[in-house]
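Labels A, B, C and D are assigned to the chains in the order they are written; within every chain, residues are numbered from 1.
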Amino acid sequence: MTNLNKNRVEKWLEENTEHGLPVTGFDIEAGRTAVVITDPQRDFLSPDGVAWGAVGESVVENNTVANMEALMNAGVAAGMPLMISPHYYFPTDHNWKFEGTLEKLMHAIKMFDRTSSLNVDGFEGSGADWMEEFKPAINNKNTVICGAHKVFGPENNDLVLQLRKQRVDKVILAGMSANLCVESHLRELVECGFEVVVVGDATAAAKVPGLDGMVAALTNYRMIASDIWTTTQAVENIKAI
Amino acid sequence: MTNLNKNRVEKWLEENTEHGLPVTGFDIEAGRTAVVITDPQRDFLSPDGVAWGAVGESVVENNTVANMEALMNAGVAAGMPLMISPHYYFPTDHNWKFEGTLEKLMHAIKMFDRTSSLNVDGFEGSGADWMEEFKPAINNKNTVICGAHKVFGPENNDLVLQLRKQRVDKVILAGMSANLCVESHLRELVECGFEVVVVGDATAAAKVPGLDGMVAALTNYRMIASDIWTTTQAVENIKAI
Amino acid sequence: MTNLNKNRVEKWLEENTEHGLPVTGFDIEAGRTAVVITDPQRDFLSPDGVAWGAVGESVVENNTVANMEALMNAGVAAGMPLMISPHYYFPTDHNWKFEGTLEKLMHAIKMFDRTSSLNVDGFEGSGADWMEEFKPAINNKNTVICGAHKVFGPENNDLVLQLRKQRVDKVILAGMSANLCVESHLRELVECGFEVVVVGDATAAAKVPGLDGMVAALTNYRMIASDIWTTTQAVENIKAI
Amino acid sequence: MTNLNKNRVEKWLEENTEHGLPVTGFDIEAGRTAVVITDPQRDFLSPDGVAWGAVGESVVENNTVANMEALMNAGVAAGMPLMISPHYYFPTDHNWKFEGTLEKLMHAIKMFDRTSSLNVDGFEGSGADWMEEFKPAINNKNTVICGAHKVFGPENNDLVLQLRKQRVDKVILAGMSANLCVESHLRELVECGFEVVVVGDATAAAKVPGLDGMVAALTNYRMIASDIWTTTQAVENIKAI
């Protein structure tokens, strides 16, 4: 592959090798490893999604949609558990008495809004729905759809329990967005005693003047996770088990 | 009220006052107090529910259904936040690789089973649905339906966050079942720094030979919670705010 | 062994077999199983400890001290991880603005009080210190002393992380007291996806008029845990690995 | 103040105002707000600390030590709760079976190492000890020293409980290091339903070739927290209550 064809994260990984940190590395252990995906939803990943204005450039330059699809499909094909940690807001969530800055923004633009937890009228094709490309993997009968996370991390849903109930110790993590939900999942999973590798180009982040979420995410992944893989590496490693 | 008309918990509370413990007590603080209800669902509370054989006697002798209804309606009428922490199992939960004893039983009898988190066909009137008596309060537009808890406590759903997002510090707790989900909610809420009073006769528990869940629950409520109220007391105290 | 020589929990287990529940059972998996002990401290277990008046009868009738000692020594001898989750209160904890009933009692009797987290003057032989019988096992260089838990469960210390960092999935649980700290540890460990067996006679509980903590604990262990073992069974099973 | 005298974070905040995000803002509510400080310890902040090579440049350019001192002293002077979340490693932590990259590094350089949790011989003046400048505030009798956090966040210590036991809902957060422990505390506190403002120049971060932790931290603080303050702003706001 020539450098011209490489996505932004692949280039960043090639160019940032002088950090001197003792990268732990990550070995897939069959039966103990799962793929975890955050927010594989249209509001982030579709050009008509409400957050596209903030994240679209990063989604394109990382080739995120195709990479997430390839990663999920590889996991399912290998019989590896696939777990989805989605983001939904219900009408009562709009009654919250306080929010951080991005929470406030997400509520203002009605991101991930659903009618109710027990009503799916109008859900299909909405911003809260999965990308079409991902439905074969997500609708697989063994794929676990966790409860909604509500801020950025899995502290308020059942992801950690679902992983442990499958005896999973190791997680291959990706999804949206890189420095918010993916990174909060990384941090919480590490506090809960999982080993985590992040698939850097199967994520993307908001980029606004002065704030490049992808740079923040890659910096913190490098320090916190066991390793950062490209999608190409992840798929190869999954196929090799 | 003559003693003959009293329910089992009311009698227990009258008869068990010699414990010598320094009961903390609980004052409702308007704007800082919520009613939290676990598992107000048919599989526990309806004679055709799958767990009725184990819990029915206790539900009858505590007058649980009418008490839960009165408590929820009082909370809603007073404008107090009402939050429901339900119990649902989805098909992938039946793939768990291990379970404790009651988890194993619940899965075996298909308790709280639903088709999927994004499909509500067949839900209405199923064992996972709310009791009809409770629907006016639960369907109130301000009632928060949390994500499903998956074992017994709220560690794996968003109840704690939803309470904090309403600036709630104090919880009036009831629901099903007394020594499992209610008590696990009590314990986790206390670890998270809430003050909790349990409404003892708005709960009920499994009773099997040699194991009386209601006695276990009342013993532990007395030691852990700020206080135990009867439904009559709870409704009076809520009306008085 | 004749029935006359059996301790209270051994008798209870023999007499309570008609519950009809599908007890899960628990197999020790070498390298994946740890012994976890809560509050092996003098204030609970020594006749001069501040809580002896409430728990002493139960400690004697369960033969708790000798059983805890035998269990810990068996674990250490087998090279199984041993983790201690202690209970300490520091002076600033006495400034808490609210407490549940037993928390209030523990603070009133100065249970588990220490001068500060960074000062151990006067600690040795105090109510917060380990029982002498337990010091060989606890002072073993591989025994993990977790941070203090602060209410009853491990939600506020590092026990879960320490277990996961040793790749432990299964816990043999005992200690003090049966229906408070042991049971809260059981419940939280189960929510975090561990399999747990409780060693029923390596615990004991408060017994006050109308409230028998041991009955509550055994009832809930039976329903929540994978199994209840006697110390005799636990030691045999550990030796057999 | 001329721009020449401004520290790096003050300049960054002045220069990065075009992000277009709806910054929430943060009001100190007397009696409901605390100052929380992570890792105010010599290994990070003293030129002879083991991590100075990685973080020293950032500590100097943010004027971190003087700012942390001013922030803690302002909190204590105002009677605001001050809580310290320290980082300690004990010998058994060196037996962990896996670590992320920075965890591995911290263990390799013996950062925050202590002899045992119940032995403070040699602690004073070690890398795990507080900076001398901070001791008046930290040794104040009302300052809460939490249990050690073990990775980066407060998931494994008692910080959240200690805050709630003081009825604190809002946190003014600072300490070391910006993108690791401070940011993990920010994220966990937000998931637990606190409002958080970060004092950006009372933190500092590792800077190694290709990875600037301070840029990552400020990017994520801006998106996640309610606001970012300078120490000057924080001290003024605290004095004004």
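Just so it is clear, a residue touches a chain if its C-beta (ideal position, glycine included) is under 8 Å from a C-beta of that chain, and two chains touch if they have at least 3 such contacts.
On a predicted model such as this, the values are computed, not experimentally measured, just so you know.
Peer 1: Can you name the chains that touch subunit B as well as subunit C?
Peer 2: A, D
Peer 1: For the interfaces A-C and A-B, which has the higher count of C-beta pairs in contact?
Peer 2: A-B
Peer 1: Look at all chain centres (mean of CA atoms) and spot the one farthest from the centre of subunit D.
Peer 2: Using the mean of the C-alpha atoms as each chain's centre, the farthest one from subunit D is B.
Peer 1: State, to the nearest whole Å, the distance from the C-alpha centre of subunit A to the C-alpha centre of subunit D.
Peer 2: Going by mean C-alpha positions, subunit A sits 27 Å from subunit D.
Peer 1: Per the centroid of Cα atoms for each chain, what is the distance between subunit A and subunit B, given in Å?
Peer 2: 34
Peer 1: Using mean CA coordinates as chain centres, what's the subunit A-subunit C distance in Å?
Peer 2: The separation of the two C-alpha centroids amounts to 39 Å.
Peer 1: Can you list the residues of subunit A that touch 2 or more other chains?
Peer 2: Within subunit A, the residues that touch at least two other chains are 98, 151, 155-156, 160-161, 165, 167, 191-192.
Peer 1: For the complex, give me every residue of subunit A touching subunit B.
Peer 2: It is residues 90-93, 95-98, 116-120, 123, 141-145, 147-148, 150-151, 155-158, 160-162, 165-167 of subunit A that touch subunit B.
Peer 1: Which residues of subunit B touch subunit D in the complex?
Peer 2: It comes out as residues 160-161, 163-165, 167, 169, 191-194.
Peer 1: In their shared complex, at which residues does subunit C touch subunit B?
Peer 2: Residues of subunit C touching subunit B: 15-24, 98-102, 104-105, 108, 151-153, 155-156, 179-180, 183-184, 187-188, 190-192, 195-196, 206, 208-213, 215-217, 219-220, 222-227.
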